[in-house]
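Labels run A, B, C, D and E following the written order; every chain starts at residue 1.
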Amino acid sequence: MFIAKIVGSLVSTQKVDSMIGQKLLLIEPYRLNEERTAMKTTGRTLVAVDTVGAGENEFVLIVQGSSARNTPETKSLPVDATIIGIVDSLHVDKQKVIL
Amino acid sequence: MFIAKIVGSLVSTQKVDSMIGQKLLLIEPYRLNEERTAMKTTGRTLVAVDTVGAGENEFVLIVQGSSARNTPETKSLPVDATIIGIVDSLHVDKQKVIL
Amino acid sequence: MFIAKIVGSLVSTQKVDSMIGQKLLLIEPYRLNEERTAMKTTGRTLVAVDTVGAGENEFVLIVQGSSARNTPETKSLPVDATIIGIVDSLHVDKQKVIL
Amino acid sequence: MFIAKIVGSLVSTQKVDSMIGQKLLLIEPYRLNEERTAMKTTGRTLVAVDTVGAGENEFVLIVQGSSARNTPETKSLPVDATIIGIVDSLHVDKQKVIL
Amino acid sequence: MFIAKIVGSLVSTQKVDSMIGQKLLLIEPYRLNEERTAMKTTGRTLVAVDTVGAGENEFVLIVQGSSARNTPETKSLPVDATIIGIVDSLHVDKQKVIL
């Protein structure tokens, strides 16, 4: 899994039937900076489905691949990235990482 | 999933039987620019099958891996990338992203 | 999927039983150049099994991951990359791409 | 699989039900230095579930993808990275690699 | 699949039960040099299980992902990379590639 920030959303009217009603969010994978004190963007842009009610600018936990279908909401969907949790805090060496 | 632009198409006569009649499109994964105001190419080139009737120069949503087989049209195909939607618009901080 | 050029072959006598008799080819993933007029190598080297009778210096279509097992010839093999078609031509903006 | 160092942990209260009670750890994939005498970070940050009781600053073995569900503890979880062992030592040319 | 060189080994006593007795090897993916006359390291470090009796400094063929479980020895293991053959020789333009 990896940590990402929700940076936006996507509108698609012409799509696969099973995806109708799914919330699609633009996410950017983040990583620790060199000092491991804060998170910084990797600059990549992906799209994930949301199952936990996450909102813009929140940090979330993303699962990829076939495991992205391992939630009750996504099990028959053509998705390869699912938000499975909202990140409250990250800790390195007992210090809180800046999000 | 990720966002890609359809940049071309591919002709292949000698191929696996199950792929006969499948529309194969050349796509380029795109990502947000640093200001998150527009999409720009990653420079990579991939091939995806189309299930939604997408056309050249359109931005589409791509699913990869085993989930690419999770649509009625692709379920028994040897494919690892499927177009599952046409992107109408992307939004970051309530602003429309330039496509 | 992605487009690759067949650049060579591999000989392995000591191998998993199910792979005996499989043709293993050295491939290089290719991508469009910046003008999208020709294909150029990515510099990476992979190995794929051939199911369509492709030969050295040909451009082929490669499927990766679990879908690489979705052909009659590869379904029980330990393979993650299969050649599923020979590329006749690529087209961008109604122009033929130089292979 | 790859070798990673556990650098921290993650707290998430709002998450998929099946993930309640799972220990989520921040990990950094490591690789050999050019002389193959010590391990160094790749600078990437991932999140893995722990099944072996690993702790911060330990080097661990990570399995990714669908195989991350191939342990008794993870088999029905939406996870794509699992710690399957704690690394005691690495050896290159009969020399111990510095961890 | 890809070609890798076995550069070392890994000792792990505290691990998932199903991995007890499995030989774990440190591998480096290799690729062709620009002239396609010799193989050179990519600098990455991975870990694979061995099913063919390969030894240090040998070049081997690696399968990744769910297909890594498609051998009799690995089918129920939490592994994502398996050695499926020892490379005897590589050929480009009818010339032997230097290993």
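By definition in this document, a residue touches a chain if its C-beta (ideal position, glycine included) is under 8 Å from a C-beta of that chain, and two chains touch if they have at least 3 such contacts.
Small disclaimer: the values here were computed from a predicted structure and weren't measured.
Peer 1: Rounded to a whole Å, what is the gap between the Cα centroids of chain C and chain E?
Peer 2: Their C-alpha centroids are separated by 20 Å.
Peer 1: Just how far, in Å, is the C-alpha centre of chain E from the one of chain B?
Peer 2: Their C-alpha centroids are separated by 32 Å.
Peer 1: Check each residue of chain E and list the ones that touch at least two other chains.
Peer 2: Residues 65-66, 68 of chain E each touch two or more of the other chains.
Peer 1: Classify the inter-chain contact topology: is it line, ring, star, complete, or other?
Peer 2: Per interface graph, the chains form a ring.
Peer 1: How do the chains line up around the ring if the path leaves chain D toward chain E?
Peer 2: Following the touches around from chain D to chain E and onward: D, E, C, B, A.
Peer 1: Under the touch definition given earlier, write down the residues of chain C that touch chain E in their complex.
Peer 2: 7-16, 18-19, 24, 26, 28, 43-48, 56, 65-66, 68-69, 76-81
Peer 1: Using the touch definition from the top, list the residues of chain E that touch chain C in their complex.
Peer 2: So the residues of chain E in touch with chain C come to 1-3, 30-32, 34, 36, 39, 51-53, 61, 63-68, 70-71, 82, 84-93, 97.
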